[in-house]
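So, here's a batch of structures to check.
Shared between the two complexes below is chain A, which has chain B as its partner in the first and chain C in the second.
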Partner chain A sequence: MSFKMEEKIISKDDLLKLCGDVIAKGHTLLAPGIAEYEQVKDVSQIRLDSSALPTKTSYKSYVFPKAEPILYYKRSKSDVQLIDVDVNGKKIVVLGAKPCDTNSINILKHLFNWDYEDEFFNLRQKHFVIIGLMCSSFDEYCFCTSVGSSPVSEEGSDLFLIPINEDKFALRIITEKGKEFIEPYSEFLKDGDEAKSNAVLESIKKPEVAFDSKQVHEWLGDNFENPKWEGIGNVCLSCAQCAFVCPVCHCFDLVDEDYSYSEGRRMKNWDGCQFGHFTLHASGHNPRDIQSKRYRQRVNHKFRYYVDKFGEILCTGCGRCSRGCPVSIDIKEIVSNCKD
Partner chain B sequence: MPHLAEIREIIDESPDTRTFRLMFKDAGTAESFDFKAGQFAEYSAFGDGESTFCIASSPTRKDLIECSFKVYGKVTQSLQRLNVGDTIGIRGPYGNWFPLDELKGKNLLFIAGGIGLAPVRCVIENVLDKREDYKNVSIVYGARSVSDLIYKQEIREWKSRTDVSVIVTVDPGGETPGWDGEVGFVPAVIEKSAPTSENTAVILCGPPVMIKFTMPVLTNLGFKDEDVYTTLENRMKCGLGKCGRCNIGNVYVCKDGPVFTYAQIKKLPQEF
Partner chain C sequence: MDELRNYARELLEKEEVAAVIGYQQVTEKRTKPIVITDPAETSRLVFNEYCLNNLAVYLTKARIRSLMRTKDKTMKLAIVAKPCDVHSIVALIQENQIHRNDVHIISFNCHGVVKDFGCDFNGDNLAAKCIKCETHKPLYFDKIFGEEKQTPKAGDASLEKINELEKLNSKERFEFFKSEFDKCIKCYACRAVCPLCYCQRCITDKAIPRWIESSSHQRGNFSWNIVRAFHLSGRCTGCGECDRACPMDIPLSLINRRMAMEVKDLFSFVSGRSLETPTLVGNFDKKDSDEIFM
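Right after this comes the complex of A and B.
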């Protein structure tokens, strides 16, 4: 934890060479593409554009897949045989991760490790190396600065890139994992000037703080019942798009999937708390029977319950859920409105 | 990974409720599977999924694990199709339990409605196996009709004991010509029998309406909310505090429950 940050310089060409080597070694290299983090097959695909807005989805699915088998079963007459799933913890390097994505795995670690440790999540995240990239632009949906982060946050990155000019980056070694990763490439690194890259970070325009998360936390505690929820519930479609694009939403379902008469697998699939059937009991009773209660759950879970349980807000301020919402529900606006 | 268990016996409790008596296939698991009264497990019908049921047998009688389930949807229908000798999966035990150690030296009043007798039965048998630790033990059990009463065999056993008082009631209209129990809703029957609240803890499980109408009766009789223990049933999947569906506010029923006192429940956001 108490790793001392090291400041280096790397040229863009050398960075691309490094990427080429990662691919050649057979590791998975992910980088922001047009709509999502894409697997880079050729370094010419790499853009490293600090002014790009967040992709439609994050790289969450690489650590917590949309659908994954957690066990296989075989049935014969009255007997059942269970077969373990072998999670292949392949090394994944994320290049140019947005600061609103880099901390997502750290936030999720709490959930997947309290009490019971989720081996699938843990094995995958252990093999992740995250190379963050400072972010130099934002739109009306961004609000990282309201949830304790910022476009220049190194939180969650193992290595962090700051563009110094057209063909040079400051490279900060943030964690032990990052240091281990970069060591073989030390020939590409020169000593950097921390003051100079700090000046770049300071010059970046950041979204204005939209709300005080502590006040929101308090307001939510006092306003479980409030007509505001009903207003939102009337607009929301319960489509759960917002959950599926979110870097930190983590609800899942467990279902069995037969693929022959005698064989099948148990799947852990993404689910969303905005669906009506999410909490529906077999008896027909549903504790969150109307959309206003489900949206209230979404906001409370992110800005109150998760904070109470794990000390972190379950939101990185990336604005993805708002950008993609078919009926223009803007979470920043809603949370800013969580006051009297 | 679920443990595999063989169905040793099937008991049809009522037209829609069935009990399985289960034996772990692995002797080591049978030995080490340790639970307390009130805990639940996830039972698999491979191919159709998992369902949450309480462990209905008492931890003091560990030879066979029992669960009773009401047939509703996909998983419970699939379980219903299984026969003696078939294999199911069990994950658990999960959740908290009734604080039986703290209740030592008290009178215990058990109130159950319908399938709600399943979690209560586990506690009753646990208490009866350690009878000397508790003072008076009374049981009030109600169901819609005579045929809906579950655990008829166990009830007969309890009734045959002199150190337990048992009242069984059916809703008006649910009686049969030979019915020798009470007729009336559970809250009314309790009001009539007027149990003492002095040094008494209540264990109350049943459908939400029954709980709703029983609570004021108990309050009138002088019972405090802290002395009434009940269970919450929220839809569950993982049982491990991760899948995100069983929470009421920041309380995860699968981890912090299912056993709560009525005083705790009153403080929760009213969303269950």
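Right after this comes the complex of A and C.
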């Protein structure tokens, strides 16, 4: 299903009015705040700053919550009764999503619809409208251009904003979903000039390509046993900061929480492959018993296994994991070193 | 810097130590830990206001400890430690996690570090622990470098916050911590960076029975953070690494610092300051206050 992109213009004031209406309708409006994507209560909170670096966390938790009940149960001596969870499929509009975030849901879709269709994820993502915003700055941890994306990528956005001047944005309608969302606000839109906004996109400085992902893929296949992993394993402290701030890391654990003997619920909680007990078997055996094996798994999963399975790199190049790492492990540097 | 590098290189060359745990520069305003076993790599060592990590955390890691044992002998580990990091090493020695003879402490006269990587070093950007620091010279060391310099002056915002929270009633205080703990994602970065969180298997990882719910919902987050606070009372040396590591900016050290104040008031004990005194919980004195018993 191909959709022909439409180029429009919207003033900043009208865009904020639109946002006000989204809030008034009771939808959830998310926008990048200082540390995270915050729920906007008042449009004056909205910054729409294309030069802001990625927030500390992505909006992953709104489509794949950090802890969510997936069923409730009641137990008696003779019977177990299961009670479904009503998933809150509330509309969520993300305004000003970074291009390194916009494609995250598309990347995650593969996993959550592979051997089992995850109705929780699917229902939530169906109600997501993503309004991307071109990104005009980067720091030493950004590497979107090395994983096939760019600061001007429209991939994953339903609508895409390009700042033309102080008070005006070019607004591109990228998907059918985006068109449906924007239609009620057509009074705010004027026809745009694609060539003009393309010129803005071309003028954007982009991070240099740090590595060739195809070569990395190949190297990983040949270097499962390589002393380089040990060096990383010595420094990494085995927390899950990197996985939990990652827009596409998706490992989870299923645990039952009993309120009492007769009642409880099953939870789906974020889990991280750097935890020592992540692969601990009931027998006591642990196939990834040391940190170097765990870090190797992280890099392989992102740059080899996911590519083999789903044809996409499990990384958007946002650099969050590196920026936040307590021991300053830089994934860009490590992946760039995945060569002989 | 050359002094430090030459010294570390000699230690490795003479096989006095198995490895040097130190800092290397990554960008102008960021360093990161490095574990050096090859003498040639000592040229990467640095020490400056951007050496934020408390490297004592590595002393209890099995993979680092395994470096100490070679076929015919057991060697020491050398560690570059700020005076405040030495407190953590002292606490580890007191708790029998490492022998004093197994660690070679290379320390510095310290005038503070920045609160976060990328900041300029001045009073506004001083790490919270440096503002109240009373140990600019290490209490224990095997080698010391650096000249004594003045620490920039700064207001103690964390103490102000503690005082402010003290004034609230318990319900209001609960609301404050509820809103902070709601942010917790249970990545356990606070646990990973803490030198005193060395349990081989943390209580939160035990599933049969499960004492602490693994879910990062309100009850799970309260359980974890309260257990953490209690387990570190009288043990936390106030290095502030948990604060720095938390990706959700939860002010964890407010809790640790408040607990340390309590311990000091009740038992006149400050963790990690003396190798001669036993640990707080490992010591019973008939004169101890009974107030702590609920």
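Just so we're on the same page, the second predicted complex is superposed on the first by the 337 of 340 C-alpha atoms of A that agree within 3 Å, B and C clash if a C-alpha of one lies under 4 Å from a C-alpha of the other, contacts with A are read in each partner's own complex, and residues count from 1 in each chain.
To be clear about the criterion, contacts are C-beta pairs under 8 Å (C-beta built on N, C-alpha and C of every residue); 3 or more make two chains touch, one makes a residue touch a chain.
This is a predicted model, so every value here is computed, not measured.
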item: Touching partner for A:Cys144 - first (chain B), second (chain C), both, neither; value: neither
item: Touched partner set for A:Asp253, first chain B, second chain C, both or neither; value: both
item: Chain B versus chain C as contact partner of A:Val327, first or second or both or neither; value: second
item: Chain B versus chain C as contact partner of A:His281, first or second or both or neither; value: first
item: Which superposed partner A:Ala67 touches (first chain B, second chain C, both, neither); value: second
item: First (chain B), second (chain C), both or neither touched by A:Phe244; value: second
item: Intersection of chain A interface sets (partners chain B, chain C); value: 253, 255
item: Complex contact set, residues of chain A against chain C; value: 35, 56-57, 61, 66-67, 140, 233-235, 237-241, 243-245, 253, 255, 257, 267, 269-270, 272, 275, 277, 290-292, 324, 326-330
item: For the chain C and chain A complex, residues of the former touching the latter; value: 26-27, 30-35, 53, 57, 63-64, 117, 185-189, 191-193, 201, 205, 207, 210, 213-217, 220, 241, 244-245, 247-249
item: Residue ranges of chain A in contact with chain B within the complex; value: 71, 73, 75, 78-80, 82, 84, 111-112, 114-116, 118, 224, 250-256, 258, 264, 266, 271, 273, 278-283, 285, 287-288, 293, 297, 300-301, 304-305, 308-309
item: Contact set on chain B toward chain A in their complex; value: 1-2, 4, 6, 44, 46-50, 72-73, 76, 83, 85-89, 208, 233-235, 237-238, 240-245, 247-250, 255, 269-272
